[in-house]
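Labels for the chains are A, B, C, D and E, by order of writing; each one numbers its residues from 1.
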Amino acid sequence: QGGAEKSVAGPKIGFMGPMTGDYANYGVLCNNSVKLAVDQFNAKGGIAGKLPVTLITEDTEGSVEKGLSSIEKLSSSDKIVALVGPVFTGVSFAVGERVQNEGIVMITPSATHADITSIGDYVFRTVVSDGLQGEVAGRYFFEKLGYKTIGVLYAKNDYSQGLYEGMTASFEAAGGKVTIAEACQVGDKDFKTQLTKIKTANPDAIYIPDYTAEMAQILEQARQLGISTPFVSCDGFSNPEIYNLAGEFTDGVVYVGPAKVAESKAYATFVADYTAKYGIGPDSFATNAFDGTNLVLAALEKVYKETGKFDRKAVRDAIAATKDYQGVTGTVNFAENGDLVAYQGLYKVNKTTPEYLGTYTVVDGKLVEVK
Amino acid sequence: MTILETEGLTREYGGVIAVSKVDFQVESGLITGLIGPNGAGKTTLFNNMTGLDTPTAGKVFFNNKDITGYPAHKICRMGIARTFQNIRLFKELSVIENVMIGRHFKTGKDANKGRFLNSLKSYVYLRQEEEEIYEKADSWLDFFDMGSLKNELAKNLPYGHQRELEIARALATEPKLLFLDEPAAGMNPQETDHLMNTIRKIRDLGITIVLIEHDMKLVMNICDTITVLNYGQKLAQGTPMQIKHDPGVIEAYLGKEEE
Amino acid sequence: MSELLNINDISVSYGNIKALQNVSMHVNQGDIVCLIGANGSGKSTLLKAIVGQEPLDTGSITFDGEEICQAKYPLEGKKKHKALTTDIIVSRGIALVPEGRRVFADMTVEENLDMGAFMVRDDKLIAERKESMYDFFPILGARRRQKTRSLSGGEQQMMAIARALMSAPRMILLDEPGLGLAPLVIADIFGKIEFINKQDNVTVFLVEQNARMALKASTEGYVMENGRIVLSDKSSALLANEKVRAAYLGE
Amino acid sequence: MLNFFLLILIYSGIYALMAIGQNVITGYGGMLALCQAGFFAIGSYATAILSANYGWSFWATLPVAALISAFFGLLIGLPTLRLKGDYLAIATLGFGEIVRNVLNNWDSLTNGPMGIQKIPMPTIFGFTINPYKKWAFLLMVIIFVAIASFLFQRLARSRMGRALTAVREDEIAAQSMGINITKYKVYAFVLGASVAGIAGSLQAVFSLSVTPGTYTFMVSVMVLCMVVLGGMGNFKAAIIGAFIIQMISYFPQLTGLSGVIPPQFKQILFGLILVVMMIWRPQGILGREEHSYGRGHGHKGGSK
Amino acid sequence: MGIAEFFQHLMNGLTLGGIYALIALGYTMVYGILKFINFAHGDILMVGAYIGLFVFDGLRGSAPLGTWTFVSFFIAMLVSMASCALLGMAIERIAYKPLRKATRLAPLLSAIGVSFILSNSAAWMFGTQSRKLNYPFDNTPIDIHGVVITPHQILILVVSLVMMIALKMFVDRSRMGKAMRATSLDQDTAMLMGINVNQVISLTFAIGSALAATGGMLIALDYKVYPTMGTMIGLKAFVAAVLGGIGNISGAMFGGILLGLLETFGVAVFGIPTGLKDTIAFGVLIIILLVKPEGLFGKVEKEKV
């Protein structure tokens, strides 16, 4: 790091996510948040009022290979001190190994697979683990919604399959039965075959853990097939985009999403700023990314104040030490393994407006409502 | 001695009978001519004897061995080479490369070793092998006085040279029997004369030749025996003299001599 | 007799091979002109140049008084000149029977003939001409629904000639029409060429290896060597010319 | 910076191996195949499964990866005897997609979409070839590329190379020259597949994780691009092509532009360069390799 | 499997196949003439969908479903077809024409380049999110004894059928169609017949691209509009075109429908896990090609020597 006399340059942080390709939308929305957070921070003068933070965005194109080269570039040529991202589970696994090795702290706003944080102590996330989501989902569907049988339509990718498996385990542990589980490939747009099979199996409800656009597609095609079985879903539903794409077909869907925070002023300001700047609103992952970035910035500030430089390890420790950080998503705390300490929220869509059903978590295999 | 023979060879294409029950013999060491009107089935007969087409009925014997339905490369390896009516050179390759490819199955062979060892050997001593086939190919080009053209791309040669190159390439396989499909097409009389000499020279190397040709001067001059096809059937067979005066052949094919 | 085609000092090259060097010749309306020469002397190149398939390095070609081809950058005067494309040249009334037949292999005989008459818009006329072609070449009539790729070499050659005639050209360029044809048929074809020439007043430009027949059938003859015209005369005179007899008639 | 550049070189090397294989199939054999991604995946998974689940050393998995890929090369090579041109392209593309599809669904063996993590690093004489320390890894990749290109270059000059060339130029004439076209076409696939399999093994120990999402058909397309861009039928060109395509696709990052221009520009630029390169040199940068035969007396181009 | 379920699968397969067919037609058209895979076809389709979306939304304003929505959709489609035709011609002129005499693979690379340019320009200009193209008509499903089909699906089938017939008539009967066939077989000789080959090729691209635009708009109704919408479907459509015998118009239609049915029935009837849907489809494809190497409608033409 900087020599005794040399003045310390402003630190660099990185973001990586799919900026081009099929799933670019998730990356773009998150990147917007990160940029917004950094810009706002620099507008206030940067670290200690004098050092602006530089953000470097790298495109992963949603592929592991590009993810690895991005982290290489960020780490070795840009010398970033912290990373926000990656966006998807698959890339996060590979990149996680690298940041752990390089000693760069990483906060993903959206990679939800249960095992991500177990890569090591440099990996954090500001999104709820699918482990909890699946558990809450299974329990809730059985106990509160009273479904005895469920059919699942999931995508053959780590995220969707992880949720399907998690939900199935807890739903069946609670006494229900997943009577039919149909898979689709990433990139599929036609789900009629699977839906027809599920329709014939006639479960009490259909669980569709998938990305937003795909879910919209599934709901619409289910309607075209005359399926009247209720749908239950996952956090992907918390992206308001779903109401544009699927319109009134979303009516009646119950989904597990982030726990609702009391409509804080901070949140409202964030949404307003974001929308003003980019023309579209943030999704829940973008919201997480905003908090994640601010956490990083706060840690940088703190480390600089204490040591006068930006040591990667010190930044990690500062983030790990986060306590009751007040972000736009509410109060942020990290568990021992780097997971977000949080609860799950349950929503039911009325026409095209989600209504909050309550905050839940699972403790020792029991569904508990958090008041 | 008969080197090649067909028995009732028939080739039918959904209704069109291109070759019908033809018994065709080739005597070793001679030049045999195959003539007949356009569409008589000459090329088809060639194709069926060289494995590029399979007869619908009948048999082909080479040195008394039934080779009907053998794949073309096997037939070539047994010692039958050919040229094509529509020239089929390796167009983008140089002249010498064309001929070198003719040496393909002469390489990588050694009676004392197994197949695998042979290929391995051919791979390890590749320069040496290349040198060998280069020399051989070169000498075939010299045979045709084409040594100076060896680095030209085959497709850029004028038509006549392309025909000769095709023959050179076929000869590089060291055949016992050589089929030529209209070798003089596209050549002027002088060049045809030259070609006639070449063909004789090839025969003198001990190679039996069968040729299809519409140039009667060539056919009548160098063939020892001629078979005439008409509508897929054998119309006549005999020496040039006999054929020239066969009324059936005159009527169907030759027409009245003008001079 | 008026001049129909005038080739004025043209040169063509392939890379650094000079295939034609300062060739000039002319063809009068109603003539049968033949061009003979050894392999690779540039005959086919000349025919291709006439229909605009090979760009000229120098010189120009006029057809019926109108310039159809011109070197892209004429040496004198740097003015750029756009050469006409093949389809336009052809539409002025020139037809070429190309070397190596170039039939549309995946089309039937009938469809090939239709293509020959592409510029004719009168269906009845096309049908008539097709019938007359089938009379001309009965074997084509018998094969009319067969894909051309399966025709024998000679049959394809006849088809290529028939196809060129379908457009009822004012001038037909024939590149070795006798290639691969049986003796009877060759004699017949030369007869037909003369017939068409007389009957329909089609000007004929003939490239042929069978020099004797070509010279007999034609009125004017040119001899080409290494891309240059070395001799030109009345065909009958060429037939008697010692040098020609030795070099091209195989005597 | 240097590390990043080394990483690009490593990827170039891995892709160069695939391109070398593709060059045998397409450049020499003239067969348009779009399944290098499939062989690449098979090689990766062979190494990943054997070393991560069964504790094999990387070096032991290598021949297995090559063999399994070669076996599938044989399988997919057989249909080529009947298929031509774009029909072959589609059949091979289908094969590549099937491989990915099966890897993605065979959860018990491949761990499905999650893929396999924590692949052990290769060691040699007690020295670990650590993908974090790029130099050693790059050296290993370079050695592989050098060996492969040496072997294949020789192959191209050998009778097999000539036979394949003949098959590409004219199958019927080749047959009539005594060349067993069936055999050589299948050989081309087997060989092309086995190097791609080795490339896969290297990829596995470089990223230390494999997921089915890596092996999309775009990988095959890119490999084909490398070969065409470099110049078909030229192994040097295949390697250069691999390097150039990697350079173009990382160009913005290398020059630090990625922070400045919108990410889509990178892809647009990539597309533009492809188009311009093709218009500028349709035969590829180096063009087909011309052998000059005969010591001393052979030279290229028009004599006369 | 019950009767109703069987017929439902059949319906699903047919309509999915209809979508493939619709796009395969444009593919086959261009391929048939130029013998190269126009990799950018799927992206032209995407551009068509965006143009259609903007024009339709602009014209429609907030009008409720009715005649006007229908009319404006139709206008949007015409505008989109015309613009894509121009785009296609421009692409051909710039990226493919210089490569006509080059090796077969050169234009393929150029096309890949064009594909990158188009889809990323769209992403840059319009953003990466999916946009909904609203139905211009009431798309309430029709239930026939438990088998359900939507008007949109019927429309797709009808349009692809009509397009197939129209195209076939055009290529087989019209002068221009004949010129196209000749051009596809031998460009030099086609010129000798007096055919303006440049014009023919331009026209081919124009028609192919207009077809892509139609396909783009119709499938966008169901699949939404986004920058990479053409990639996957374009690939599948190409597979369908090859399956039917590439260059063959009825083949493209048939190949599309068959692929749709295969994808549906492979998993529906044989109880194979749905995850392996593509494996079945591609597996059957390979087998079919092995049995009929020139595609279903292609004629096996053994080369005569």
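In the analysis below, contacts are C-beta pairs under 8 Å (C-beta built on N, C-alpha and C of every residue); 3 or more make two chains touch, one makes a residue touch a chain.
The shown structure was predicted, so the numbers you read here are calculated from the model rather than taken from an experiment.
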Worksheet item: When every step has to jump to a touching chain, what is the lowest number of steps that links subunit B to subunit E?
Response: 1
Worksheet entry | Remotest chain, subunit C as reference, centres from CA atoms | A
Worksheet item: Of all chains present, which has the mean Cα position farthest from that of subunit E?
Response: B
Response to the item:
Separation of the C-alpha centres, subunit C versus subunit D, in whole Å, is 50
Worksheet item: Rounded to the nearest whole Å, what is the centre-to-centre distance of subunit D and subunit E, using the mean of the C-alpha atoms as each centre?
Response: 31
Worksheet item: Measuring from the mean C-alpha position of subunit A to the mean C-alpha position of subunit E, what distance in angstrom results?
Response: 36
Practice prompt. Send over the residues of subunit C in touch with two or more other chains.
Written response: 17, 150
Item to complete: Hunt down the residues of subunit D that sit against at least two other chains at once, touch-wise.
Response: 101, 104-105, 172, 264, 267, 302
Worksheet item: Counting only residues that touch at least 2 other chains, which ones in subunit A make the list?
Response: 20, 156, 183, 185
Worksheet item: What residues of subunit B sit close enough to touch subunit C in their complex?
Response: 13, 16, 36-40, 43-44, 85-86, 156-161, 182, 185-193, 214, 216-217, 252-255, 258
Practice prompt. Could you pull out which subunit D residues touch subunit E in their complex?
Written response: 26, 32, 79, 82-84, 86-87, 89-91, 93-95, 97-98, 101-102, 104-105, 172, 217, 221, 224-225, 228-229, 232, 262, 264-265, 267-268, 270-275, 277-279, 282-283
Item to complete: Provide the residue numbers of subunit C that touch subunit E in the complex, in ascending order.
Response: 51, 53, 85-88, 90-91, 95-96, 98, 102-107, 111, 114-116, 118-119, 121, 147, 149-150, 163, 167
Discussion item. Touching residues of subunit D toward subunit B in the complex: what are they?
Written reply: 154-155, 157-160, 162-163, 165-166, 169-170, 172-181, 291, 293-295, 298-304
Discussion item. Going by the contact rule set out above, which residues of subunit E touch subunit D in the complex?
Written reply: 31, 37, 94-95, 98-99, 102-110, 112-117, 119-121, 123-124, 235, 238-239, 242-243, 246, 273, 275-276, 278-279, 282-283, 285-286, 289-290, 293-295, 303, 305
